[in-house]
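There are two complexes below, and they share chain A, which is joined by chain B in the first and by chain C in the second.
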Partner chain A sequence: MKKLKKMEGNQFLLAITIILFFVMYIIGMIVFGEKGFSKTQVFLNLFISNAGLIVIATSMTIVLITGGIDISVGSVVAMTCMILAYMMENKGVGAVPAVLFVLFIGLVFGLVQGFLVAYMKIQPFIVTLAGMFFARGMTAIISTDMISIKNETFLSWAQAKMYFPIGGYVNKKGIIVNPYIYPSVLIALIVLVIIFIMLKYTKFGRSIYAIGGNEQSALLMGLNVRRTKLKVYILNGFLAAFGGFLFCLNTCSGFVEQAKGFEMEAIASAVIGGTLLTGGVGNVFGSLFGVLIKGTIETFINFQGTLSSWWTKITIAALLAFFIILQSVFAKAKEKKK
Partner chain B sequence: MSSSKSLIKKVTGFRLFLPLACLFLVLIINVIKTPTFFNITIQNGVLYGYIIDVINRGSELVIFAVGMTLVVAASGGTDISVGAVSALAGAVCCFVLSGGEQSTDFYHAPYILGVVAAILIGAICGAWNGFLVAKLKIQPMVATLILFTAGRGIAQLLTDGQMIYLRVDHFKMLGASIPGVPLPTPVFVAIIVVILTYFLLKKTALGLYIETVGCNSKAARLVGLNSTAIKFLTYTFCGFCSGIAGLIITSRVYSIDANNAGLNLELDAILAVALGGNSLGGGKFSLLGSVIGAYTIQALTTTLYAMSISADQIPVYKAIVVVIIVTLQSPEFTKMRTALAAKIASGKTAKEAA
Partner chain C sequence: MKRKVLSVLLSAAMAATLMTGCGQATSEPAPAATEEAAPAEEAAPAEEAAPAEEAAAEGDLIVVGYAQVGAESDWRTANTESFKTEFVEANGYKLIFDDAQQKQENQIKAIRSFIQQEVDYIVLAPVVETGWDTVLQEAKEAGIPVILSDRMVDVADDSLYECWVGGNFVKEGEDAAGWLSEYLTTQGRADEAINIVTLQGTIGASAQVGRTEGFASKMADTWTMLDMQTGEFTQSKGQEVMESFLKQYPDIDVVVAENDNMAFGAIDAIKAAGKTCGPEGDVIVISFDAVKAAFESMIAGDMNVTVECNPLHGPRVSEIIQTLEGGGTVDKVMYVDEGVFPAETAADIIGERAY
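Up next is the complex of A and B:
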């Protein structure tokens, strides 16, 4: 019983997020049912269009748990797409080496940021702010034009549909159309599960929570705070590049303005999913639902048709406000109990 | 020998030494690259030149930086909504003055009403942030993330996603110059904001209160300061500053583009505060440092433009400069340097002894 009460606060927030997602979705099915909102494919599209964001939000969650922040991810995604497009289209590099190179760049990017944060003790916000400028500017230095990817191998990855055997519907011509996903979705979900297991069951994962909860105590406990933080930022850089790759599979192009505001979407998703920015608390599955909620709002606006795109921003902000205030109410209630 | 050493120490130990050194460095690079940098010419009774341009264009940044400094000092967090709030304030001003029309040649409402509305909306946004941070104790970055996301959305809602043009000569004065005055108007606005804030902080105990709250919010409450009210006040003030900056931004182009007005200025403002030698963790602050930081960033931007680097590529150089400066200022680096110096010194004495 005591344990149940202890779990309450954070688990409760996560539960609210999940319930909210389903409630929103059911409302959508009722309101836009005739337009096809209830099709399985619409649900799967949420994952398809947000595969990159799922990975980015996952890695953002890890960074937030350590009490840090990374606002460079959006720019890193743009840089990744640009490098991929540039290497494959203008330099004729194969798809596999291009992707490996991009992932390597991500690692190096994370290493530099991690070194500055963990060893030079500069605020993560400032370091990643510089990283954000750097990556976005680099994108522009590589090319200011939009480059579309026409590499066959890459396109075959991007367009390989994976059909589900069930849940199909019969279209007008009488052919059964089964719902499908792209490989990027599967990869994103695998990354999510791996990170979840890592956070929950490995020594590294537990030390991330410990550092976020109280850095001083973690240090006194004998954890190598600096090295753990460095590792987190390296992992984050890698995942940012990886998310960029998945994002690129969806857009198949590279341009300077790409993925602008991505970092804020990732942070908002994590916060909606119950991650605290003070560190120590967070769950990657919460962030997944944060991403899905954002996707649902966008789908709503698409289906509604007459609403303008800025309603997405306003609704997400309103949701953010709701969750943030809820978090603070819970925190206050906890304090009072003490 | 020892006296000269102590003099050097005194100079380098001066709080504003690094920010000032950075500014000078940027200016010197400018003079080498473009010898005409400090030339000032008069055209139509208005001063022209690179240096005037830096001072003029830097005005909004200075105003943002003033508000941001106080927010950082009091709460140890940053307000990332200032750019969006300034866009919203500009949109409100244009909306009031144009009476909802997309393009107009005359005011539909008194000018002062538009100004008051803009500043008021800025202050309201600031108060909302302040309420979340001070009263509900939400981390500043998350709390201001709400308006960061929503601000431009609301502004677009107001302008219906279109640009609103105000083709009235009087409206352009705030962003350009008043006839007969040789300096651009934004410069004066920035100076007034800085001076008023400075005196408000120095002549009253407010500056001290803010530092106290920033150093230790709990301790400040225990000695009888109302931490909540002071934090709330700084955020409201920051919103107020964003409102003023929004007016200047709008007036410069006599129109409002809710998507791009004040874009990324929150980042520049935070950088200005950091470059000014202020700790982003809160506590002691230097208003003058932030102002110098703001002009440094503007000088850097203008330099890069003068070197004909495209606007898209500028961030790379900005990032490199920022990393270098922030690393130089970090206490870890100082520790490393002193450790290295001690090692060399001990090596020397060991050699001498041998």
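Up next is the complex of A and C:
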């Protein structure tokens, strides 16, 4: 009974996020209905354009639950895209080995960061700040050119549309357009579900929450805190590279300036989704809705047509402030009960 | 009990944020839209724009989605303004403008959103040249023509875009050389040996390649190109390179700066070296871009000429759209008109410069 009540607050945060998303979306459908906001494809585009971010936000959530942070992911995404583009276009490597290679690089990157955080006890912020500079720098070292990916296998993954049989419409030019997604969307959602199950039903997942909740008591409970943290950062490095791969399927190119500020979008999505920066609380589905809310705001601004796109940032800032205040109110309420 | 009060408060707070959070995006546009519509109505004289008719007219408007790079420079801002003033209701257009904040992924999202809004045309000023195959394919499948502005895209299939609109950098270079040869003739120096140095732009940039090539192709026999070095399009680097040129070569007659900023730097370097430049000075300064500050510099007597890199693509794109609407076809490469502005005309023209 006690446990149930404790969960309530966190569930409530998640519920708010989900409700907020649907309310926003419905408002969009009412206001921009004539312009086509209510089309199925508009909804699916939220996933298509943000497949990479969904994976990155998911992995960010895990790190945040441990009480850590990873601001290197944006640079890792850029590096991933660059390595993929460089290997396939300039070195003639096949698509499959290239992807496997970047995933391996992601693992190694995570291993190094994880070792520094878990065993050398260095602040995650500093470690990943160094990682951020390193990955961005490496991207420029590999090539300062813009490289377009023309590898046929890779493009066939990127362009393989999966059509839905229903929900199509005839556009102004008389062309029937059925709603579709790309494989990247499906992959991103599968990753999300796997991570959700891992966090909820495995020992590893529960230790992550325990460490984030209170590292000292987790240690006293006999959990191997350092090893768990190391594993989290390795997983995070891998997922960052994997998210980078999905991002690359969307942009099909590598260049130095890519995915700048991506880490902050991931953190914002997680926080809007109810993850506490102090650790111990978070839900990957919340982060998914955080991403969708961001996407919806962007769609709003685009459909509106004359408003500066910087309003997206301002709205996100307002939402972040709202959720952070909400979280601290909950934290205070919890303390009082104790 | 406390919990209950708290939850009520929270719900209220939530509702309030919903109002403000979404209100920003939804309710605010309304006044903005009417504001914009108002001058448009005024511009269309004698036509009664009753609300009902307006709605009907909405269907006749050509809807154009413009995915712009951002607002990183005066040139870019002037480019945006040119679209915003050209694509108005009075001209039969409705413009949906999207600022990508220099991010390719934002442009991809914007194009997808344009497709869903069933715009008639998409204009894209790509942030980068790479990675456009997928989303342009989506536009093509939806039957929406894409017009590129300013920068090219690197796609395997060039039927993915209708045409490209932009400046002709080679011609700008040729125009600069043409101006120099005329100027020297009027000065009676046509047979004199002329020593030239060039401050190149960032190596590999299309403006650098085109301008260098264009100028080189029109070099007269009596001219000597002493040296070319990159000033990376910046004022400080332009100054630095010019300083080293001045030390190395005692007799420089002409400096060609491949953009205005480098020319400003070069002028500083020339003055610091105790020489003079401009129409009355020792060194002839030729520049490109024709930003407003270049006109000020010409009026001050420091710069001789600037060759325009016209950002006003709006009218040209509008022409292309009208041709396509009439069932015509357009060339894949469409240049905008660009002028040459010598110092003597600067005072007259500066007032009309939009950027």
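Throughout what follows, the second predicted complex is superposed on the first by the 326 of 338 C-alpha atoms of A that agree within 3 Å, B and C clash if a C-alpha of one lies under 4 Å from a C-alpha of the other, contacts with A are read in each partner's own complex, and residues count from 1 in each chain.
Going forward, a contact is a pair of C-beta atoms (placed from the backbone, for glycine too) under 8 Å apart; a residue touches a chain by one contact, two chains touch by 3 or more.
Note that the structure is a prediction, hence the values are computed from the model and not measured.
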Three-chain arrangement built on chain A, chain B and chain C clash or fit: fit
Touching partner for A:W310 - first (chain B), second (chain C), both, neither: both
First (chain B), second (chain C), both or neither touched by A:T153: neither
Partner chain in contact with A:T278 - chain B first, chain C second, else both or neither: first
After the two structures are overlaid on chain A, angle v-u-w for chain B, chain A, chain C in degrees (C-alpha centres, nearest 10): 70
First, second, both or neither for A:N90, with chain B first and chain C second: neither
Touched partner set for A:A318, first chain B, second chain C, both or neither: both
Contacts of A:T202 with chain B and chain C, given as first, second, both or neither: neither
Touched partner set for A:I122, first chain B, second chain C, both or neither: first
Partner contacting more residues of chain A (chain B vs chain C): C
First (chain B), second (chain C), both or neither touched by A:F134: first
First (chain B), second (chain C), both or neither touched by A:S328: first
Least C-alpha distance (whole Å) that remains between chain C and chain B when both complexes are overlaid: 5
Residues on chain A lying within both footprints (that of chain B and that of chain C): 308, 310-311, 314, 318, 325, 329
Chain A residues within the chain C interface of the complex: 16, 19-20, 23-24, 27-28, 31, 35-37, 39, 41-42, 45, 48-49, 146-150, 155, 158-159, 171-173, 175, 177, 247, 250-255, 257-260, 295, 297-311, 314-315, 318-319, 322, 325-326, 329, 333, 336
Residues of chain B defined as touching chain A within the complex: 78, 132, 136-139, 141-143, 145-150, 152-154, 156-157, 161, 267, 270-271, 274, 280-281, 310, 312-320, 322-323, 326-327, 330-333
Chain A-facing residues of chain C, complex: 2-3, 6, 10, 13-14, 17-18, 20-22, 24-26, 28-29, 32-33, 36, 94-106, 108-110, 112-114, 116-118, 120, 128-134, 137, 141-144, 154-156
Complex interface listing, chain A residues touching chain B: 69, 116, 119-123, 125-127, 129-134, 136-141, 144, 256, 264, 267-268, 271, 276-278, 308, 310-314, 316-318, 320-321, 324-325, 327-329, 331-332
